[in-house]
Each structure stands twice: as C-alpha cells, then as structure tokens.
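Note that chain A is present in both complexes that follow, paired respectively with chain B and with chain C.
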Partner chain A sequence: MNNAVNARLARLRGSLQADEPGARGFERVARNPDCTRLRALTIAGIDPATAAVAVYREPAREGQSPFALAIGNRFDRAMAENGAAQLLELYRSAGRLTTAECKVAIIPDMAPLGSPREMKHVMALRQTLSQQLLEQKLRRDRKAPNIIIKPRVLVTLLGLDHGIEPDALVASDSDPFYRPVEIKSYPDRAGKTEPADVRSACRQAAVGVVALRNVVSRMGVPTSETLIPPLGDLVLRIPGALKPTLRPMTLKGEVDSLERAIQEAPSNLDELEQLLPSGAALDDPVILESIANSYRASCREHCALAQHCKQRAVANRDPAILGDYAKEALAAAGSVSRALDLLKGTGAPPRTPAERALSEQLRDAMREYREAV
Partner chain B sequence: MDTRGCDTIDFVRQTLETIRAKIGEAIGAKQEALRKMETLLSDPQSSAVAIDSAQADIERLTAAWSRLMHELRVAQFELPERFGAYRTRAGQRPMREQVLDILDELGVPNSPRVVSEYALACLGIELPAVRFASLRRDEERGFRKDALSKPAWVVPALNMTGFAPIPRLVASSVWPSERRLIGPRTLRVNHLLTLLALLKRAASLTDGEDAARGITGLILRFARSVPGAWAVAGEPDLGRIRAATEAELQSIAPEDEMERKEAAEKLAKFPPDRQIWGLPPMVKREPQRDYRVIG
Partner chain C sequence: MAGEIDLVARLLAFDKGKASRIASHLQVSIQPHALVVCPLAMAGEDTTIHVVAIGHVGQPPELRSVPDPRFRDDQYQLFTWLAERIETYFGECRSQGDYPQIWVSSSPVAALLDTLADRLRYNQDNPTVKRFGELLSYATERFPLAGQQALITATGALRQHFATGQQEAEDEHLGTVLVWIEPPAGRNVLAEVAATELVPMGAKTDPTFDRQTLEPLVRDYNEARRQKADPKVLARRAKAVHDTLVNVVRPIYDATQRAIQTLGGMNLQQLPSLASLDERERDEFQNFMQSRDAGYHLPLRDNPKPAAFKLAGREDALDNLEAALTHEDRIGRARALLAGDILRGTVQHPRKLHVGPWRFEYSLEVVSNQRVLRVRRRDELALLRDTRLRAVVTDVQRRGRMTTVSLQLSSGGRAVGLPHTGELVEFGPGAPDWFGIVRTRAQMANRLSNPPWTHSDSGMPNRSPQRQRPPRDLLTVLEGLR
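This part shows the complex of A and B:
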C-alpha cells in the first residue's frame, strides 16, 4: 500500500487512530453486508468500538467480558506454549498428524511485539517469515511446518491490503496446503454449543480461507480454490478445563457469503470517497450518521455500534426493532407507525402498490388472528 | 539419541560424594598415622628419624584433610539449596547466573516462562518471565562492550533458516551452536528433552519435598502431549512417562539433530558475534498500514 493511499485513509479517519480490522472485522462485514456504515468504517480502518466512543461519545458495549477475555488469552497461550504441544497432541489424537509430523513454527515467538515504534517492522517481519513458510509448503519442501501459529498473511479485501493473522494453520506432510484453524475458548458442548459462537468462529475461519487463497494466487497458483477448499478447524475448549477439542468444519456457505459481502458497494476506497461529501471525515458524527446503516437484532453479537443503531431504530420506529422477519415483511411501510396506519386504515391511503399489498396482507392476518383467538 | 543436558547439580552432588569419601579415607589414614606415632613414642628404642618421619606424615595428612574440607565447603556452596537461601537476601546472586544454571540443567533452549516455572518449582526462587526481555538486552549490551568479561551469556536461540534470533527462547552462549539452533522439529525435540531433564531432577528428590511436588506438576503438564505417557487409569507413572518420551524422541531426534548440525556448519562461517547473537532478520519491505493491532 503506497503512501498516497495511506494519506487518503488518514484523511477519511480524521482525528481517529487506525485499527487493523483483522479477521474479526471482515467477519463483521459478512454478518451484516447491508450495513454501509460498518463497511465504510472497516474500509477506513476504524473499529466500531472506536467510533462509538470517539465519534458518538457513547460507551462501547461490545464483545466479551474481561473474564471471558482472560480465559481466551490463557487458552490461546496454552495452545502455543511448549512448541504447541497441546495442538500437536490434539491433531495426533484425531489421526490428522503422525508422530513424525511434529514441525512447528510459532511466528510471534520469532518476531515478538516490542515498543509501538517497532510495530511496523515487527509486522513486516512476521509477514516475511510467514510468506517463507507458505512458499516452503507450496514447494512441497519436507521441512515445511505442520503447524504454524499466528502466521501473518497479506490479503486484499475491500480494495485494500490488510494483514490477517489466523490463529494457526495446519497440514500433514501429504496435504497440498494448509487449512486455517480458529482457536476459541468457548466451551465445546457438542450440539449444545452456542450456535452464534460457532457461526462467528466459522466466519473468522472463512476469512482465513479467503486470505490463503489470496496469498497463493499472488504466488502464481491459478487453482487456489482447489488447493484450499472451504474447510477449517475450530479448536474449542473442554468445559471447565484448558484442554482443546477439535471440530473440523465445512465453510462453503461462510466463504461464499464473505466473498459476496466483500463485493457489495462500497467495495473499495474510491467508492467510499464518492459516497461522502468532499473533504468529509468519519470522525464527524453528522457525516457518520449520514451513511446508511442496517440494524439487526444480531448486531449486538458483534458490533459496538449496535446500541446506538438500536436507539435510532426505536426513534425512527424502524420495523427492524421487531426482528429480522418484521424488518423484511414491513419493508414496504418503512416504519412501524406507517404499518399500523395501513393495518387500521388510518392516516394517508396506500401510496404505492407495495403499500396496498402490505395493507391487505396485514388486514388478512389480523382477521385470521381474531378468528383464531 | 540426542544426549544433550549438562547436569550441573548432579555434577555437584557427585563431587560432594567423592570429596566426602576422600575425607573418610584421609581420617582413616590420619588415625593410622597417629597410632603409629603413639607406638613410636612409647618405644624407647624408636629413632628420632622415624619419629620425624611419622610427624611429617601426620602434617601431610592434616594438610590434605584441610584441603578436602575446603573443597567440601566450596562444593556445598554450589548446591541448589544455597540458591534458595539467597531468595531472602536479594541481590547476592544475579538473575543471569541463576538463569544460566537452570538452562544448563534443562540442557536446551527454553522459554522464559518454563525457566521461571522451573526456578520456582525446583529451587523456590522467583525469576519473573517479564524480566527476561531486559535481561537479554543487558546481556547483548555487555557482550558488545566486552565479550570476555563473562564466561557465559544468556543469548537467544537462533532460527535454523536465516540464523535470525528467536528472542522468546533463551540459551547459553557456551553451548555448541547446534544446540542453540531451532529447526522445524526442534521445538518438539526440546519439549521432550526438557521433560527428560525434569524427570531426572525429580528422581534426585525425596517424596514429599516441596520441590518434588512442584516438579511433578511440571512433569505432568509436559507429559500431557506425549503419546503413551498416560495409563488409561491409575496414578501417573514417571517410569512410563520416561519410556514414552524416549520412544518419541528416538523417532524424531536423529533427523532434527542432523538438520541442526548441517546448519551449524553454515553458521560457523560467520563472525563469532554473529554466531552468538544471530543475523538480523531479512524483512521483505511491503508497505504496512499504520494500524494498531486489536486483540
């Protein structure tokens, strides 16, 4: 990424500091592809939590509790420590790696974070080391690691190059390439594992698949989709212990939805700049508010702006506050009050054929309800 | 199989046993010399030359005994129990020396966290892992200033590819370079060698000692990932853990050792300071964003 692009991004961010979106950021976009505001923030490199606090002056209500974060960090560390001994054991027990397939590379150990001043250098070093290892695997070099912890790969998403750090990559010696691994400290309760947690982890693993495909394409591999199928591994936690469980997952739906979401407009910096008035920056609450959002009940699972968007939805009587089904069904009315008018026959008569159809639908539904109750 | 592992403490213990045996022999010899002198003095026929000779023997044996007692005191001073005593008198033994001793016991490059846990479990001393980064910087500064001012330095392990330092793995500068190199299999090999060093240490401790309890906890954690180390039921068996560890080591260590030796030959062509501290990592200059990393 050249300095001109960096300068344009900095101008868009205004006074806000840049945040690396990472896999979680792109997963967020894939979860709500209709939200232009979230997409704009992601392209500009602003975390929704930063926007909530620094732009709207609201508390960032997002994500995990400090307790869950501490457990997550401990679990991640436990997976990487002692030469990723626990991960090796996990894959050996699952029959995915043999005893001899014990080659491990831990990228953060090779290039640990130092002072903030060294950040760029460390990131570049991690990227170089990761690239060398991926090239090694592509060459079918026997020294290529079977497990790489926290590789850093450069991927072009939303028109810009981003560094993504999957939790791990794994491949046996006979595998043609690596498969992304998403390590989560969620307790693995088999069929009773929180579905939203599993979905979120799968989407993040899907970002890993897209990133790896991007990397091997840059290396000149024409069949990246064959080389890297939409598969990923979730490493979850045995409830009450820091021991891992392995859940291989098919990620076809997640990869497809991610690729679709990324292609939606604004899909790059040029389109975002065209969307905004000349010289506008996203640190201005009026400008940010002018960008269309798309509130959904599930936003609170992943976006720090969910509370802000919900308050606006309530104030605007947006059908989204009644849930995703109501949002879709009442779209023609545009608001809950207009939908009530159409139901009761109060206010202005239906202005469009869609409103007329909705009005009839609502009255039929009310009649059926009264007959039934 | 790789036979790395310089057991300083075992060596000190063996030395102590040898010195005690020699002192026992010296006491016996001196008692014999004193009895001879007593006999000579009680015999009016004894010549002055014989008495002088017996006196010289007694003096020689006394000097030898005195020297052995001095050696015993020095050897006792190096016992780990002494390290424990220093905890209450901070500053007497520098952290770097304690780290080097522990590294010698473990025998392979290890993470500060493992060194720190080992120090606490076995020796009862606190070596905070967070202090290792500054220790390593101090060591490098000291080495650059005067490489011969210390017999050994705490240094980073080196990546076998490119010989870049791996700051989160510490080693001793006196080790041969192949022991300081990290190849693709070395992390696993070193994990197993560390486990064997812990088992060896545990064997020298008495059941019920604090150190024995601490080290057993470490052993069980390290052994968790070793196939066949755990019986289906019952208490963990250290003999079984050792056998399983050695079995895995046999299957992966020879190739790892060969790779490291080949790399060590290449490393030997670099200047001595590069052999110790490694080469600066080669970074492919791709422009980076001014991001801060979240999470």
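This part shows the complex of A and C:
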C-alpha cells in the first residue's frame, strides 16, 4: 500500500522533491480546511513556500528574521540544557512534577545529527528511541522519563508515516501517559498574549496529541482518546527574559479539526487525481492554478501562497478581497463585480431568489448610506 | 466589519479605487500638542526599542537608536532619553490642566508600548526607566477603553472615518490605508497598495531586510565591540545601523503625521460627545498623576475587586460610545438602524388613559417594515429626536415584512408629548450617560465590600436558609415569639 501511494504521490509532485509536512503543515490544513489547493499540496508533500518559488516563480515571502530565530533557538536551548533544568523547575513550581520526578530524556543528545548523509539513519534512530520510551511509559515502568525532549513520533496520512517532533512530552510517574508540550519564544502576557500566536501554538500541540494517539493505537491500545485527552502545555517566555511560563490548554477543537482533516485525506487523494488531467502534476503552474483555493484574511498568517492567492482573488473579483464578512455576505453574488451590479441595479437583473434578497439588502443599505453621508 | 453600511462602503471604495467616508462627524479629539511616537523593536526582542522617532504634531521627529538593543546599558540610555521627553510632555499637560495624547502608527506599536510599560514600571535598577514605564502605563492602560483619547493608533482613527476596498485586517497597514484615502493620480490603486504593503509600518522591520541588511550591520558592530575596537570605528558602525534604521522609521513617522493631517483636513464637525470624552480624559490623567505622586503602586495583574471595577468601566465606555455614535453621527445611526438596534416606523393608536388623579398611562404602536429588528419585550427605548421620552416594549407582532411594536411610555409623556398617528418616529438606545459609571462604582463598592466566596479563601458558603429540624413543640416556640 505504501509503495503504491508513494508512487501516486511522486507522480503528483512531478519534478518537485517531497517536503516533510511536519506539525506546521498539518496545522496549516486544519486552519483552512476549505482550501483544496493547500490540501492538495500537503497531500502530495509540497510545502506552499516551495510551490510559491518553484511553481509560481514568485519571491518567497515566508521566513523569520535572524534576530527572532536567534532568540527562539536560545530559548529552545535554554529549555533543554542542564538536563532540562528550567522545564523541570517550571513543572515542579506548577505542582505537576515532584522533586523526585526528574527523569529526562533528550532525544537529540541520544542520537545527534552528523553529516547530512546520515540524516535518514539518525531520524530512524530517534524514532526507535522515542518509541521505546513511549512503550516504557505505557507499561507503567517507573523508570520511564518524566520529560522527553524532541521525541520523534509518526502521524499517518494516506497510509504514509510522516515524522513530527513535538518540542517535549511530559508526565509525572502517576500519569498514565505523556502530554505534548509546545515551546515557543512568544512573550507570555497572560490575557494580552497575541491570540494568533496562541492559536498557532495550540494547533501545533494538537498535532502532538494526534501523533501520540496514533502511536499508542499501533501499540494496541484501543482507547487512545481516553489515555491521551485533548490537552497540551504551552511553554512561553516571560517578556524580556529567557524564563519560561506554563499554560496548560484544552485542545479539543484543534484535535477534532486535525483528525477530521487527516481522516478526509485518502478520499481527497482519489478526488485530487480525478480532478487533474491524466499524467498532470502539481509542479505545473497551470495545473496547480486549476485547483480551487479558498483565500481568507487569515491566510497570510500561515501560508506562503497567500500573496499569490490574493492576486488571483483580486483578478477574479472574489468577495474575499473585502474580508471574511464580505465573502459570506456576498456569497449569493459570487463576485464583487456582480455584487456591484446588484447594488447599482446595472447588469443582468437578479437571477436567483438569493441574488434578489442580496440586491434588496444592499440597496437598502446604500440608500441609508447616501442619506447619512 | 460592523455590518451592511460598511460592506456597501467597502464595495464602493473598491469600485471607485478610493476610500469611502463612513463618519459624518470627527470621532477623534486631535490634540494640537499631541506626541507622535514611532518605535521599532528588534524582532523577537519584545521589550526593546531599536530606533525611535518622536515629535509633536506637525513637527519633524527627533531620532534616536541603539546599535544593538540587547545590550542593556545602551538600551537604558535610549529609554532615559525617551523618558525625558515623555516626562516633559506629561508635565506640560498637567500644568495646563490638559491631558497627554500619544499617536502611534498601528495596533502592534500600541502593543509594544504596553509590553514596555508592563516591563519597565517595575524596574529596580534605574528610577528614570521605572518612571518612563509608569508614565507609559497611563496611555497603555487607557487604550482598551472605547472612546479613550490618550493613545490613538493612526490606523484605528482612520478606520473610524474611512472604509477601504481591502480586508479589515489589511487596514492595519497605515501605508495602504493612506493610499486608499489619497490614491495616486493616474495609477492603479491596487498596484500601488501592493507596492506599499512591502514597506514596514508597524513595530518591527521586515524579516528580509533584517536578514540582508540589518543583521550584518549589527553583527559588524558587535564584532568591533567584542574586539574593543577604536571608538571611531565603533561610532562609524553604530552610525551605519542608525542610518539604516532611520530609513525605515522615518516613513512610519511621516505616515502617522499624514494620517493626523488627513483627519484634521476632513473639516468634519466634531462629535458633540467628544467634549465629554475630553473631560473624562482630563480627570483620568489628573487622578493618575496624583496617584503616582502619592506613591501608589501600579499592579501588573489586578486583584478581583479592581478588576471588576475596570471591567465595569470598559462596559460603560463601550455603551456610551455606541450611544454617542447612534445619537450624534448620521452614519452611526444608519448603521444601528440596519442592525435593528433602532426601531423606525409610523405611529398607530396613540392612547392617553386616565388611571387616577393626575395619573395617565400613555401607549402607542409603531409599525415598521425593517428587515432586521432587535427589540424584545421589556426593552426600554428612547425617542431619538428627544430622549426625555422613553418607552417600554410591551409586545412585538411580526406579520410578513411588517412588525408592530407596542410601547408604553415610562417617562416624557407630558414633557415631550405623545407622538401623533402617522408620524414617522425612531426609537433606540438612550443618550450617553457620562455619570452612570459613578453610580455603578458606588453600587459596586457597596456590593464588593466583602469579597464573594468565589474570590476568597473562605470556601463555599452554607446553604441559605439552613435546613433545620422542626421544633418538637411548635406551639411553645410560637408562644415564645409573642
């Protein structure tokens, strides 16, 4: 099955190399499940940034500032160094771990990266090590680590395993299993923390939940949902310092949307192949463009194709260019040009009851607006 | 987006390639002495200022930067420099019985100032920096309140007055909003917007710029510093960073000034309630400064009681601003009408019923053909042309497109008089109540004198009334009560 699906996916990618979607890739699909183009790229294993550069030949607008990367890396390192002392202290002060619960496994230290040629081997080793530790915990072995840094676990999509690396897993000795931890260098300002940052971190933590459920299901645990509830921890940063803060989060909505996205994927591969002409691949801009997208205001937060999709939306006069409210309110018209016709009474008369209702609504609003101005 | 009016305004803006006006009155009180502050933080370093442009309305900026704000001593020198300017400005406002007003380009800059205020006001090493944090806190603590005039974002102020032909989220880019308001002649507005979008207008520089230009310069400076290079070399490298950053921050400062000019140049009449908002701002500022003089501490997180007061304050501010816009701004009123918050219709069956000596009961029906109407029984509405007349909804009947709302007057029957049959009337929310918060605070102080059990260590209280065994001899107990 894997080989067959692999071959189909390679055909879909054409000349492009496969990108590992990672937690961010899965999270991205869950953010905009209506976007067939994004789903198609994720299914085929093409990163939107690769598509923007290699398919559309557009400049890559994704990427972080080196200053932001530096602080992010420093924070990640600070959490892992000295046997994850800061993380242990954080969980102890939150009452989640006792002083005796100090067993830490740092997977990248146990299987360090050597030359790029060894990458595949190292990743496999990391996955095996992680698997052993997870099995140990599942057996309720008291020697199982309380914190595992950067374990490598698998999410299955289309019968293919994709490796993801949650920042950490945490469990006390009495906990039945681990909880995923997402470490972000975002400043934690309690209620004032940037909501988009929190949303994104929660979705990535939810990928960890889904992956852990996947792993324990393979180990023969029938009730993975009970063993791994939709909970995750966000470890953020005290503003202006390298000290961590802990925010336990409920991830029910995020986990549900991710599981739905993953479960829908196989039929989408079939649909995707049917959608495309025989032998067509996604490395062809015309083919990629023929797949429907769903441009939204939030796309620029997470997708490298946002700018491209916006240009197309402008060209097609898609109501989404005026925002999500306009996209919904003007759905009956289908385009800004048609909405303007209905507003001004130009062009063809309303063709459907929905268009007639929209026309009346817009003209009422227009009358009030004109009077007020 | 607020509703249909804004949708239509955006459609028209897109069609014309020019922003549409969505306010009949000026909704921001532009202080002639206002201070424009444009800081840029280093990416990822949320409590830093790499460069800042600061100046009064209509004035050129003073510019100051640090080569690398991650060096605390350098950073504190910049904070001290900034603190002197803020202290002077606040002092002048206080001596004139006025309030300070700070303009920034957009919400991310307001968030940066808020982070700095939260962080610096507890500084124990440098009293000037601590004072800077405290003074900034005045503006940043006022920011979440609707209608506040202490910290204004240029994008927010423009959005109150203009609808553009782009997404609401894109309106947070000051440059693009200004392009929509004053599109360049003979050029496609969408192409111009796309080009302007690439120019940073927030609190941070562009990641690509950081990668290709800024980071190498900062690295050079740090390298020279590490090697204890000649002061001239250090100064030269610091200047290279400064010049580069000034090229980024200066357009933001100019755009913010342009936004203020644009609003001032609209020649709109001020919203009448702005006078009350100004008055409130003056009071708040004087209270804040007196509290600092008295040495009161500014908490990072509120205790339950002050939090409840602040929440009530925010609700009150929002209600008052909405009421002010509905009553005083024609587009605000149209917005409320289309949202169904205003009942507009013709009067039917006005009745004056004699119910006792000098006592009358007034009632009427209003027949409306509004598509959306948000009135329920027991809602109290005010007649918009004279808010002394207030009425309570007693019934709502909908038949097809027509809605009949039955009303009973609760006040104003004699002073204003019952509307006539066939008269077109508009009922809606009452006028802003600027002193309502005083009554609310008094009532809350009374109610919260003992913290509720949810916010104290006393635990859940016993059931009330407590279940007791009935007395064995009920008759004796009753006799004892005589």
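Here is the rule we go by: the second predicted complex is superposed on the first by the 348 of 373 C-alpha atoms of A that agree within 3 Å, B and C clash if a C-alpha of one lies under 4 Å from a C-alpha of the other, contacts with A are read in each partner's own complex, and residues count from 1 in each chain.
We adopt the following convention: a contact is a pair of C-beta atoms (placed from the backbone, for glycine too) under 8 Å apart; a residue touches a chain by one contact, two chains touch by 3 or more.
What you see is a predicted model; the values in this text were computed from it and never measured.
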Worksheet entry | Clash or fit, chain B versus chain C on superposed chain A | fit
Discussion item. Just checking: does A:372 make contact with chain B only, chain C only, both, or neither of them? Give me first, second, both or neither.
Written reply: second
Practice prompt. Quick one: the Cα-centre angle at chain A between chain B and chain C, nearest 10 degrees, please.
Written response: 100
Item to complete: Check whether A:196 is in contact with chain B, with chain C, with both or with neither, and answer first, second, both or neither.
Response: neither
Worksheet item: Once the shared chain is lined up, is A:219 touching chain B (first), chain C (second), both, or neither of them?
Response: neither
Discussion item. Per the contact definition in the header, classify A:20: touching chain B only (first), chain C only (second), both, or neither.
Written reply: first
Response to the item:
For chain B relative to chain C post-fit, closest CA-CA distance rounded to the angstrom comes to 12
Fill in: Contacts on chain A seen with chain B and repeated with chain C across the two complexes
none
Worksheet, complete the sentence: Counting only contacts in the complex, chain C reaches chain A at residues 1, 4-5, 7-11, 14-15, 21, 24, 42-47, 111, 114-115, 118-119, 165-170, 190, 194, 204-205, 207-208, 210-211, 215, 301, 330-331, 333-334, 337-338, 371
Item to complete: Would you tell me which residues of chain A are touching chain C in their complex?
Response: 61, 63-72, 185, 187, 189-190, 192, 194, 239-240, 297-298, 300, 311, 314, 320-326, 329-330, 336, 339-340, 343, 361-362, 364-366, 368-369, 371-373
Item to complete: Spell out the part of chain B that touches chain A in their complex, as residue ranges.
Response: 111, 113-114, 159, 161, 164, 166-169, 183-185, 187-188, 190-191, 194, 222, 224-227, 248, 251-252, 259, 281-295
Worksheet item: So in the complex, which bits of chain A are touching chain B?
Response: 1-3, 6, 9-10, 17-20, 22, 24, 45, 47, 81-86, 88-89, 92, 99-100, 102-106, 108-113, 116, 119-121, 123-125, 127-129, 131-132, 143-145, 154, 160-163
